[in-house]
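Supplied in structure tokens, the structure appears directly below.
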Amino acid sequence: MNIEDIVGEVATAVEPHRGEGKVADYIPALACIDPMKFGIAVATPDGGCHAAGDAHEGFSVQSISKVFTLSLALENVGDALWQRVGREPSGTSFNSIVQLEKENGIPRNPLINAGAIVVTDHLIDGNDADAAIDWLLRVLRDHAEDASIDFDAEVARSESETGARNRSLAWFMKSFGNLENDVETVLSAYFRHCALRLSCAQLARAALFLAFDGKDPVTGERILTPQRCRRINAIMMSCGHYDNSGDFAFRIGLPGKSGVGGGILVVAPGEGTVAVWSPGLNEAGTSKVGALALEALVERTGWSVFG
Amino acid sequence: MNIEDIVGEVATAVEPHRGEGKVADYIPALACIDPMKFGIAVATPDGGCHAAGDAHEGFSVQSISKVFTLSLALENVGDALWQRVGREPSGTSFNSIVQLEKENGIPRNPLINAGAIVVTDHLIDGNDADAAIDWLLRVLRDHAEDASIDFDAEVARSESETGARNRSLAWFMKSFGNLENDVETVLSAYFRHCALRLSCAQLARAALFLAFDGKDPVTGERILTPQRCRRINAIMMSCGHYDNSGDFAFRIGLPGKSGVGGGILVVAPGEGTVAVWSPGLNEAGTSKVGALALEALVERTGWSVFG
Amino acid sequence: MNIEDIVGEVATAVEPHRGEGKVADYIPALACIDPMKFGIAVATPDGGCHAAGDAHEGFSVQSISKVFTLSLALENVGDALWQRVGREPSGTSFNSIVQLEKENGIPRNPLINAGAIVVTDHLIDGNDADAAIDWLLRVLRDHAEDASIDFDAEVARSESETGARNRSLAWFMKSFGNLENDVETVLSAYFRHCALRLSCAQLARAALFLAFDGKDPVTGERILTPQRCRRINAIMMSCGHYDNSGDFAFRIGLPGKSGVGGGILVVAPGEGTVAVWSPGLNEAGTSKVGALALEALVERTGWSVFG
Amino acid sequence: MNIEDIVGEVATAVEPHRGEGKVADYIPALACIDPMKFGIAVATPDGGCHAAGDAHEGFSVQSISKVFTLSLALENVGDALWQRVGREPSGTSFNSIVQLEKENGIPRNPLINAGAIVVTDHLIDGNDADAAIDWLLRVLRDHAEDASIDFDAEVARSESETGARNRSLAWFMKSFGNLENDVETVLSAYFRHCALRLSCAQLARAALFLAFDGKDPVTGERILTPQRCRRINAIMMSCGHYDNSGDFAFRIGLPGKSGVGGGILVVAPGEGTVAVWSPGLNEAGTSKVGALALEALVERTGWSVFG
């Protein structure tokens, strides 16, 4: 069966589940999203985009952006990054501070909030958050071949207003000397990159290089070394879904990253990338219907890396 | 380059590192192993065994046995197993009890000690530990096509004598009703399966079905369903090396399981299996030179599942 | 107002609350106690016993016995005891194992389960649990001037049968080398001393020396040095009610020890001792009506050590 | 022996220990204090002040101020305070955030940093930190009959500059809705009250009402109800020295509060108050020589509340 048909089948298969899960409600801009939304897009190396549902509607990618900032930070500072953030799953929820206290302000991995804040710090030179965000936008627009990609200023503002827990994490790491720039500077960039708005189609396209050893298969541009690409995929597999990462690997078997906006990005090495969106979350903060869709897709494509 | 040559190259590459790491010393039978030992064996679907060093010398596989007991327990009780053990990485060391207290006696995954004890409980019917061990031996001998495989009674006895921490874990779970058989019965089987003695060659051969969707590629025998096979591989990827699992995925990119005897088993889906042995451990209890060898092997074979 | 009248007033004051709280139900012998029971007895230095309600009916003193075993262990081994048990409040519930893992098997204080198990180990010479229990009984009968005091064999047996959690704690400490005798020997003594049966009158009388600098004011016998007596009282104040100790000090202001059988013993230095009994417990395992009665008593007598 | 002589004896007794312990060095203003400083002052109900050493030299009282802010907050909001802060010892160090995560942003007690920040929040009306500090100064000057008492602006500024950990604690509680005023407003007051500078003599005098049921025995002014006074003393006993409180009760047997400036205040109900100062701290942050002096004093006066 071809991938276009499979995407259609998957959309049909999850139809009865649409609306399941609990929509994130900590900021109004997320809380008011229609829970019935569902989109799926598969990007393939021939430049194809196989999509269904609301795949071309932008949504708040939230933590999925952490994959792109990790990629940029590695480009900016190289493996020195790993002195200030680990690469182990946390065994705790996305915003836990307990581990930081036990481990001297070094976050467990770059995909939990604390780790992503440290990664963001590595994108910023001379306390200039705007330049970092400009760089990120430029890169994303370039990868996705779509100049319209932007962040949602209203969401970024809301994130900042309700950002007490992230401020606490940032100050905690600051107290251990693990942030170089000012706390509010780092958070200003962090809240904006979490507020990036992309559609499933844009997201899958922007990440396509991760499925092809760091090289965009459409343009031929090398974005990362193969080793660095494999390592980002490994971290997505181990840590991409907070304290739900093991279950995600168990069920879906592909490196991925979820966001509380209801999006999930997964990478099928050598095959392509998939982005799904459905706002209702499971208890661990991963899109419930999105994960179901990916499970159905992997069952049909055989893309699991585990056999 | 063919696999035979690669194995030779890997052995040469790690030669200068032999003896590195710290040999486990909690029981005499492990403490007195020559730290210079090093073996590597790759099993391929054509029935080939590509080996170097001490690849045909038996060693104490310790926790690597947990992969086989997990496979048998799933055969014995099916997905009911997952009601009594999770599948998330623990974020803590191999014998931590902290998580058990927070999560009501349900171990985080089947590959930490507590989880493997629960798995062992699922192998035992009517408090008969001997029958469980007989079954395990029968299956291993069958998979490896080698009737000489056995456990080391002296090691098993030492494990039991120094097993206070595992007794504590077992009684803790018993107090939450998460062990059906008697604590000492379960531990008797647990200590014996940890004392299994296999060579790298035997180990790689016995696990070959895990690289081929649950079907032994040599005999054609189906051992597990493809889905169950993928899931075991996923758990090995997420949880196979205690609190070092993320780093192992980052560096090596293959599902694996390490044991404090210095062995590591890894599965390369669609390609084959690899077993290495070198007694010196890193701080997280994984063979130091063994991991270096696997890193070198994966670099040359391109077998990482991440691209 | 004299103490006899106050005791009567207190009994009247708590009358409307009788039956409140939740009776411990982990063993049948405790679960079947009539929740309406209430007793109070005050022992005074003139040998007087001022009692009301069911003050002469024996009940299972459970953890209150830990005060007496602590006193004996200090007599047996002196300050060497403090190398194997701390004297800080635990900040966790009575049977938590988390702290033990963080602090290398050294329990926080002698009045939580783990600490009391270590204390019991110090009562035992040459693995002889019976001799330790005989000694404890002899001392209690002597202090209380009542040869009928004994433990309840049925309760001790039930404690042992349901003792998985305590076995886990004991094996955990054993794994750190913090138990000298066999685990089952220590627990055999532990379960029996927790099963001691005394009435409020007997309990208050037996502890009277703690209110008078270690000397029994009735017989004139010196039981402890003044310093050791003060220190036991200090530990009761800091740690006597598990994770409820701060609140007990706040409300009642006297050193005390509660047991899940519903008894509470408190020491009023220079004044006397008080034992209350009411089976219903609050969430932290302290007798709910018992604490109310003590609050009423302290309000009337002004015995708080805090002014 | 009279108290004047005892104070002299105590000073002599600790003479050989002067300079022991480790001076707090997280801000320059503390780090540069002469470690040989030692002062002791006893305030008695007749208005007497019995002093030795550097008892009239001002020092940074740091956390000792938390006793006075607790007293004022209870006056300001009454028992409603206890809905937002507990009264149990924490079982962890003074600035731990672990407990806050487990217990939904409610600090364990008012004498650890997080708790004192919540208490400070209760002193502030309408985001006006200056008014709160003015009130505190007015009250302290009144209690101590000394209009010269003030905070050290330089210390307050340094506390704020190095206050990342306290900012983290405050934002963490803010994220749970447990701070009403702005984080920086509350911290501005918090850093200033920690920077209060008093001598031992001033400190003992200012706290004298705590030893006499809430009534100043010299002026006859009632400052607190007897019950509230007892309760503050109880909290000092249970929680006054972070994770060293149990040991302090064990050794000294009086309610007290220590500060990282090297001061300790203790209350001897019905007798008087004692303030000591020696900059070197033990591992738990309590003045090492100060605690020795108090132990010597209590041994000689028999003021322990425990007999």
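The chains carry the letters A, B, C and D, assigned in the order they are written, with residues numbered from 1 in each.
Everything that follows uses one rule, which is that a residue touches a chain if its C-beta (ideal position, glycine included) is under 8 Å from a C-beta of that chain, and two chains touch if they have at least 3 such contacts.
Note that the coordinates shown come from a computational prediction; the quantities given were computed from them, not determined experimentally.
Asks: Work out which chains are contact partners of both chain A and chain C.
Replies: Touching chain A as well as chain C, we find B, D.
Asks: Given that chain A and chain B are copies of one sequence and touch, is their interface built from the same residue numbers on both sides (over half shared) or different ones?
Replies: same
Asks: Averaged over CA atoms, how far is the centre of chain A from the centre of chain B? Could you give it in whole Å?
Replies: Centre separation, chain A to chain B: 32 Å.
Asks: Once you find the CA centre of chain B and the CA centre of chain C, what distance in Å lies between them?
Replies: The computed centroid separation for chain B versus chain C comes out at 47 Å.
Asks: What's the distance between the Cα centroids of chain B and chain D, rounded to whole Å?
Replies: 55
Asks: Tell me, which residues of chain A touch at least two other chains?
Replies: Correct list: empty.
Asks: So which chains actually touch one another? I want all the pairs, not just one.
Replies: Going through each pair of chains, those in contact are A-B, A-D, B-C, C-D.
Asks: In the complex of these two chains, what residues of chain D are touching chain A?
Replies: Within the complex, chain D contacts chain A at residues 96-98, 100-102, 164-165, 167-172, 174-175, 183.
Asks: Hey, which residues of chain A end up touching chain B in the complex?
Replies: So the residues of chain A touching chain B come out as 86-92, 99, 108-109, 210-214, 226, 229-231, 233-235, 237-239, 243-247, 249-250, 253, 255, 269-270, 304-307.
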